[in-house]
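Structures are listed in the sections that come next.
The two complexes that follow have chain A in common; it is paired with chain B in the first and with chain C in the second.
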Partner chain A sequence: MTRAPIILLPVLLLVLLGGALDDPHDSVATQPLMSSPRFAAVNVYIDPGGEPLAAYQFELTGQGAEVKLVGVEGGEHQAFADAPYYDPKANLRNRIIVAAFNTGENLPHRQTRVATVMVEVTGPVRWLASLDVAAAPDAKHTDAAISVSEGAVQ
Partner chain B sequence: MAGFDPNPDATDQDLPPRLRDAIARMHRVEVPVPVELDQTILADAKRSFLGRRRAWMLIGRLSIGIATAALVAIAVRVFVAAPSSHPPTAMVQPPKLYQIADVNHDGRVDILDAYIVARTIARHEPLDPAWDINGDGVVDQKDVDLIATLAVRAAREPPQ
Partner chain C sequence: MRLKAIGVVVLPTITAAVAWTVVGCSVQRYDSMGSSSLRSTIAPASIGRSGGIGGQPRGSELLPPQSLPCSDDELWVIPRQPQDRAAPRSTEPMPGQGQLMARRKEGDGQKLVPVPLKRTDVQASVIGYIATVDVKQQYHNPYNDKIEALYVFPLPQNAAVNEFLMTVGQRRIRGIIRERREAEAIYREAKGQGYVASLLTQERPNVFTQAVANIEPGKRIDIDIRYFNTLDYRDGAYEFVFPMVVGPRFNPPGYSDGIGPVARGDYGASGQKTEIQYLRPEERSGHDISLSLNIDAGVPIENIDSRNHKVSINKRSPEKAEVALDPGDSIPNRDFVLRYQVAGKATKPTLFAQRQGNGGYFTLMLFPPALLDDLPRQPLEFVFTIDVSGSANAIMAQYFERISHPALTDIAVDWGSAQVHDVFPKQLPDLYVGRPVVLTGRFEGNLPRSITLRGKLAGREQRIEVPIRQADQRVETKALSAVWARMKIADLADRAAYENGIDPPGQIRQLALEHSLMTAYTAFIAVDSLTRTSGDHGATIAVPVPVPQGVRYDTTVQEAGTVRQAKDGAE
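What follows is the complex of A and B.
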């Protein structure tokens, strides 16, 4: 009986260690869910204002809800139809960076949907997008506007 | 009820003491045990108990070691790693890699750096050997992809 603490003490400490090593971000997932999850498609548009858009990079943030990134699809214009660069492991609740470029000559000049971010959302969410890079073929920054709209998953 | 009680220690049996002692002497078997045998058994018992004692001492020391390591790990986690709530990706990515990937030297790695390299490759223009980001000896699409990947992976870094 007196030997039991010898075995139980390290076991108890290892259990505590397991709890202490949990990623603090994981605890978010254990919070009570306010509503059932739903899938959503977040359409991101860039308007280059008449200039040809050769490269873009934006940050998308989902605020106020539990958001899981499912995937990112390309846009409607041929120049950006392929899936853009993004980090599949990005935590969308923090932010995700999406970027793409095209070295060709057939580039969009007007507002175009450059990407669609597929997400799983639990609860009401507010989408924030900021345009980090919008460049013309000469690799110079251009004045462009970004907008976001949430659509249904098709 | 005054029946016979098979328990020899019972005190309420009705046998006379002398008869009871005589019966007991009949069943007593005197077996002479050599002193050497006694000593051998005793030595074996000592060895056995000594082995168990050593095993428990080993388990005890091992447990203390595990407990100490767990305490140290908890302390490190709580007092050292806790202030940063972000994954330490900045340590995983060598800072020098970001410096090399900053092709246009604007102090950050973004899609423009990848675009510049890709555009130069597409136009078959002279390539800067410094753009060999992955160090495989050639500047190609792999370097472009690596720069773009670094640009979007910055999302996991702590905000500046």
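What follows is the complex of A and C.
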């Protein structure tokens, strides 16, 4: 891996966490009606379609419910095992934006759980995840897919 | 320029506050000489035996002192509670109480008290004068029932606490900065529902409370905290300070939002919102501490030494040193203070910048000369100060000596072509011997190679070129922005005292949330939504700490023993 992309990836992460988003790569999961606050773990998966995944950013939305971010955990692959970063400014506006990068060589190529988002939820919720970006080590965007599931790790 | 000495107002309570800063000497206790007209009922305490954060209220009264200490005394006003109103020490069994809980340590005759905090590991690195410090607290449950652990601990006054991680087994969960009340509500809800959760709150700029809920028997939960700060520079040397224990604090009469010293197990005995439980002299806990520090001064290091602890020092090169706390000196009962000097008679000012986006952040330390010898005295405007306690004599004498020898006055910065804004402190102070001036701010675009400082020394104009350096790449990316935000928050808090029309809590809250910073208005919360434990959340167990070295337990700590005896007798 060349030095330029290594430098670019952290910059990309900063830019991504500071930016807004609209992306067609959405995924949906629903949960039954709940009225009192409950805690949920939402697993987020990215499938880079055979390309090495070096960086990602997604936004998680809980439609129809009041959702509060209460923690972020890393994923199953060693490259994304560390707890990812969230955007504190977005969180001020009740938006959950999570991102991570890895400059190493051991990167996932297939679907992998990249993060588990811990939330407090009030009301019935429909989870929607949008992938803002998925990048290869050379900082080029890859055409990846995102999916979510609530509960214990699949 | 005329110098103005701002001193002590002639009020007994303020005098006591000044005296409270004196360290060392013997301790005089004032506990039962109150004026009834000054008594006031204490508000509910938020930390209780069974309630933890947001627990059951306790009642108490504070009694002001009537007499004054001699000049060698340190003044701590420790209220003794009237026997009929004091909160009794809890007689409920502790989790696992009995032989499983307390055992004798062989040899020294001290009772070893198991506590929920097993160990603290501190790993720090200093690049230039900016420190990045990682603190790992290892909590565990040595009892046979679920517990909530509660630990009141200190950090440096200017620490910008910026990261928070909770580790449950192999899983690491990043904590979220939230408005304090909201974080506390989430924590209570998670605790009540049986989830493993942790909450970090700030009681004072240098005192924090860590709560960890639903720790199951035998389980371990780690909390990682990262903070940044600029090193102190005193009397010609840098100081890296890591405080290890919270000392007793002065609580003005009628004040219930303070920090009260109580004996281990005497929950609620002080009537203060936050309590520190101290181990009795015959007790010690298994909690110990390790500390390692890597220094890269950028210039040759000279005269490195630890003031209070045994350390090992490995000078890897003239500019770099590795310092480690001696494993045999791991009882956390006094501050770790490492002092080192760097080469050169006068340390030159340098501006460190760190780019973020189209601009960035910078910090500038203007070093004072080490000695007064070459500095002429300056005329002073006198403000008479009457210190009725007499206990602050040495401090005031040192203070007046310093301010009569300014090293640079009327300081102004010529930023040249740099687009600089939000520089703190807003008003540049004069430079005095022994204390540096630290500036921090933001910039847009690019910075020039240097800026110019102007000031006066003995009435003569001085001009100092200050080179600009990009902060070393090893300095954590967020360090300068966190240091800047921390100073802006301190400035907002200061301005609130004399400026109308601003909303310091609102502005501080907003700034802290944007920069992920701990303040009195924000808190870190982490909930493991995957780990729901069964049964009641269990008892709240505070982590008792040793009294600071040099402090007498019997004159410092509130004991509720007499109350308990009276109650036991009645029963």
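In the analysis below, the second predicted complex is superposed on the first by the 110 of 154 C-alpha atoms of A that agree within 3 Å, B and C clash if a C-alpha of one lies under 4 Å from a C-alpha of the other, contacts with A are read in each partner's own complex, and residues count from 1 in each chain.
The criterion applied here is as follows: contacts are C-beta pairs under 8 Å (C-beta built on N, C-alpha and C of every residue); 3 or more make two chains touch, one makes a residue touch a chain.
Predicted model, so just to flag it, every value in this text is computed and none were measured.
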**Request:** Check whether A:T103 is in contact with chain B, with chain C, with both or with neither, and answer first, second, both or neither.
**Result:** first
**Message:** Going by the contact rule set out at the top, does A:P37 touch chain B (first), chain C (second), both, or neither?
**Reply:** second
**Message:** Going by the contact rule set out at the top, does A:Y56 touch chain B (first), chain C (second), both, or neither?
**Reply:** first
**Message:** Quick check for you: in the superposed arrangement, does A:A152 touch first (chain B), second (chain C), both or neither?
**Reply:** second
**Message:** If we overlay the two complexes on their shared chain A, which of chain B and chain C does A:D87 touch? Say first, second, both or neither.
**Reply:** first
**Asked** Which of the two, chain B or chain C, is in touch with more residues of chain A?
**Response** B
**Asked** Between chain B (first) and chain C (second), which does A:L69 come into contact with in this model arrangement: first, second, both, or neither?
**Response** second
**Request:** Quick one: classify A:I46 as touching chain B (first), chain C (second), both or neither.
**Result:** neither
**Message:** Between chain B and chain C, whom does A:M118 touch in the aligned arrangement: first, second, both, or neither?
**Reply:** second
**Request:** Using the superposition described at the top, list the residues of chain A that contact chain B and also contact chain C.
**Result:** 10, 14, 85-86, 89, 91
**Request:** Give every residue of chain B touching chain A within the complex, in rising order.
**Result:** 56, 59-60, 63-64, 66-67, 70-71, 73-74, 77-78, 85, 87, 104, 110-112, 114-116, 118-119, 122-123, 145, 148-149, 151-156
**Request:** Flag every residue of chain C that touches chain A in the complex, lowest number first.
**Result:** 165-166, 171-178, 182, 186, 189-190, 193, 195, 197, 356-357, 477, 510, 513-516, 525-530, 532
**Fill in**
Residue positions on chain A within touch of chain C in the complex are 10, 14, 18, 37-41, 68-74, 81-86, 88-89, 91-92, 116, 118-120, 152-153
**Prompt:** Taking the complex as given, what residues does chain A use to touch chain B?
**Reply:** 3, 6-7, 9-10, 13-14, 16-17, 20-21, 23-25, 54-57, 59, 85-87, 89-91, 94-101, 103, 132-133, 135, 137, 139
